[in-house]
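Following this line, the structures themselves.
The same chain A turns up in both complexes below, where it pairs with chain B and then with chain C.
Presenting the complex of A and B:
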């Protein structure tokens, strides 16, 4: 069958005089993404941040530069030596902010991964089988999302105890409803397509149909919502850390840095300004990338 | 139509019970022995038992939950705070007007800023101004709320001294927190306004309006905006509901005496009952507002109305 298809394509090409050219779906998305300046800027920034996060322990000496106390250099204003100034314990804020990338990105990515691993299978099954199961799942999701995201995070973190692991678990749980709904909606649009029916007619197992035929065709909305979810999680995580319900004090997580800088707000606003900028740049990059992906993957926008 | 409303109200009930069960169980199991924070170490076993009995802590969790909900439904009673020793309902009602004020203020800020921006973007679709507005909206989405709050405090309260940095006394004190929350919602409302205006702008009846010689201003504000209004109104309702629920961090930044700060303070002092009660009440308020928005939507949108009207007619025909 595939041979036939290829022959037909070849004939078509000969007929139109077109050179043999075909992009895979991934290449097509990449091609369209490259044309979107905002998305590319976002992508570059995200890649740089990931590199920074992965190699932060190689670049910086944790005990000396991140946690070490230097009483002689307390609360210095920004200068060439210390671009963001130093904090109340004489630590260079620039280095600490860069090191903080590790925390925010880890929390964002791992928490989103947890939500995805739970939400996508549940959402897919709910959408595919429908009926009573779907109803139960969707009511549970209604329940989980009836409490505002940040409040639910506060409840779970205060229940488990404030540390990074629990923060990740909390935000992972809280993120489930959004991705679950998205997956279900995507599956609903796909499951009545003819190719799914064909797969059923030739006798494929339900499991194989869902994994090999339904989910791959739902991938683009899921990927987009995952990207945007990482951004949401990073903001929420830093909010919770700011409230003292996240990564505890000595670690330079951005929310924790902001919270520490708040005490010096009057005299040393730089301590608050820069960690916030770091959050903003990261989240903006992720949002730009997510929007770009959405446009690149949307078949309606193909020209 | 009544059937639709009834269905939506009935769907709300399991959600509220589920949420309250979830929050009640998590908070009560996790906070461990409440008597420990009440200074009960010095009590002997008999006194401890009596203290627990007076708080109703000797019953199994589910029995306590059922009693709790029964009291809430029949008497509007949310129990008494372990630490604050005050009825949770009156604590909540004391703080709620402040949260409501702030939510109204921030929704207003958001509407004033984002609807004109969205309309301008749609009318000048594809122009530089449109692109700038869209990147700006994305920026609004990416700025952490509490950080924006702190920056505003530095500029307007500490440096310029125009506005107070905390508290809720007088009109001036609401300005900074309302801007902080309102700009956070700008991104989505601007986008909704823009995209629903864009949908309408390409329609035939606008071409007709222009063809008959209506002035451009009238075309945009009378013909286009009116037809684009439904998603915008929904967005306003959702913004308001979210502002009621999500203002926790901003309330903490500005020391705004609202429900959010009550929750944070109570978590710090481990006053479990206050946390549970406030979260349940907040959830109920938000769900009801979203329900009202949905019902209004159904009233305004002829498609949903006709769906039910058709269903009824089909039944009569049978």
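Presenting the complex of A and C:
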């Protein structure tokens, strides 16, 4: 009898295509994300960009295509041979923009990683324990966020020297307050849930409660803000490079490309247009993906 | 034969201090729970039932709460004197607690099997596969097929979640279980199932149990002893029969009168007039006096002493200074 019942259930499940039973949270998020077209477009673009960044040295020859000067082909307009045209030193802009992905994504991801590794533990502890410690931490975060990122970039880069690592450190520090606040807010909503109290009752230590019960439940807002943070960092890095504080020439970081194209803006707008578009597309893709993730992870939208 | 008490609370006083105002949540409370029996803790919202329970685990949120005085023995250990490390061992292993709302007392991002395993691995020296196996047995014990261990809480119904919560609480065979309104969030048929199961498990593990509830029907079903709380004090305590059939305290009488009468369905309910006093400003005398129809001037002057009617039965009511005093309810019975 019970076996029959089970068979019927299986048949029903197959008929309705229902697979919800036993689906883990990750699978559920993926399922909902797939239905969001914008998010999927963002995800595909981001994946392509990551692939491009990872394999850029395999695809392109740095010394020849990226840094090599060719005075015969200076400032050519866009054509089939050079889709984005060439710059003042005769280098193909298309190749340079593609190669620039490596810099922008590395800066974006590594700087965000630094912020996250510092901000999440601090934010979680501040939110969980509260009191004096929380006050001190949050006021320090207020102070940090009161410093404009450009100023912070100038300070760090002029103190340590203009190279990519220092740019990353500067932007990593700048990103801390935002993620720290986010984490704290998420922890505050979770820490008074009854399952945290239940965990205490079965004799779990506070440290394990934070790691096993509090943080996993805060993960979705944290992941979302990290995704969006990568986009913010890319823009900031481009701004700093534009000001000459970032990746030194001839590396084709997008901000630096913009800056180099500025002199020819009237006659050769393509030199600023395409790096700008590259920044825009990357940031847009990251934002779409982040928003999609947020929607997919929001428990309120769950059936 | 010496009775084995798994929980003894003596003269417990718990206070909450919020913005300079002192709230007496529990005052001079005495309570003993014997292994294998259930004590029902009954009273209105805010009477101090949950605070008493949390105090027994030394989990009264501090700040704002503090345990002012009192001794709490869990299986003979004075938990006020234990170190933090010893406390971690006592919680879950000697004494455990389940909450009212099964919807929120399970971690939504962990499978139920993992949550039970976690509790087992904390207190028993088992490797993960063995602990997992034991978790599956616990699930079966509470009537959930072991195949569902890999599922997440949101895939379970309310009644099943409460069973999971019970399985977690009982995973390490605690000697003492505090159930804080375990069935309030469940519908009546599921209530009956869960209560039956708890009763069965209590007998099986010879646990002591405190059942916090405001449903007198549940008390009648499962408790051996009943303690009625009002404004932080136990006003009447006795065996089930004594409290239900030989009610002494006017407040307990008021509780019974406010239940619908099944024999006379047209009768109006008789609620207790008024509200519980502000816990930040408790009267000098009996806290119930302002709402009590038997109250005299003497009630308002001093705290009522406990009057014992048998070894197990007492009521804290000044009116019993007059030996001939009887409340209405017991007049009918005698």
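To be clear about the criterion, the second predicted complex is superposed on the first by the 282 of 303 C-alpha atoms of A that agree within 3 Å, B and C clash if a C-alpha of one lies under 4 Å from a C-alpha of the other, contacts with A are read in each partner's own complex, and residues count from 1 in each chain.
Criterion: contacts are C-beta pairs under 8 Å (C-beta built on N, C-alpha and C of every residue); 3 or more make two chains touch, one makes a residue touch a chain.
Quantities reported herein were computed from a predicted structural model and do not represent experimental measurements.
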| item | value |
| --- | --- |
| When chain B and chain C are modelled together on chain A, clash or fit | fit |
| Touched partner set for A:158, first chain B, second chain C, both or neither | first |
| Touching partner for A:189 - first (chain B), second (chain C), both, neither | neither |
| Partner chain in contact with A:79 - chain B first, chain C second, else both or neither | neither |
| Touched partner set for A:135, first chain B, second chain C, both or neither | neither |
| Angle at chain A between chain B and chain C, C-alpha centres, nearest 10 degrees | 90 |
| Contacts of A:217 with chain B and chain C, given as first, second, both or neither | second |
| More chain A residues in contact [chain B versus chain C] | B |
| Chain B versus chain C as contact partner of A:147, first or second or both or neither | first |
| Partner chain in contact with A:204 - chain B first, chain C second, else both or neither | second |
| Closest Cα approach, chain C to chain B, once both complexes are overlaid on chain A (Å) | 8 |
| List of chain B residues in touch with chain A within their complex | 11, 14-16, 18-19, 22-23, 26-27, 29-31, 135, 138-139, 141-148, 150-151, 153-154, 158, 242, 245-246, 248-249, 252, 263-264, 267-268, 275, 279, 282-283, 286-287 |
| In the complex, chain A residues that touch chain C | 20-22, 24-25, 193-195, 197-205, 212-213, 216-217, 219, 299, 302 |
| Residues of chain C that touch chain A when the two form their complex | 57, 59, 87-93, 96-99, 101, 104-110, 118-119, 122-123, 150-152, 154-155, 165, 168-169, 171-172 |
| Residues on chain A engaged by chain B in the complex (per definition of touch) | 38, 139-140, 142-143, 146-151, 154-156, 158-160, 231, 235, 238-239, 242-245, 258, 262, 265-266, 269, 272-273, 275-276, 279-280, 283-284, 287-288, 291 |
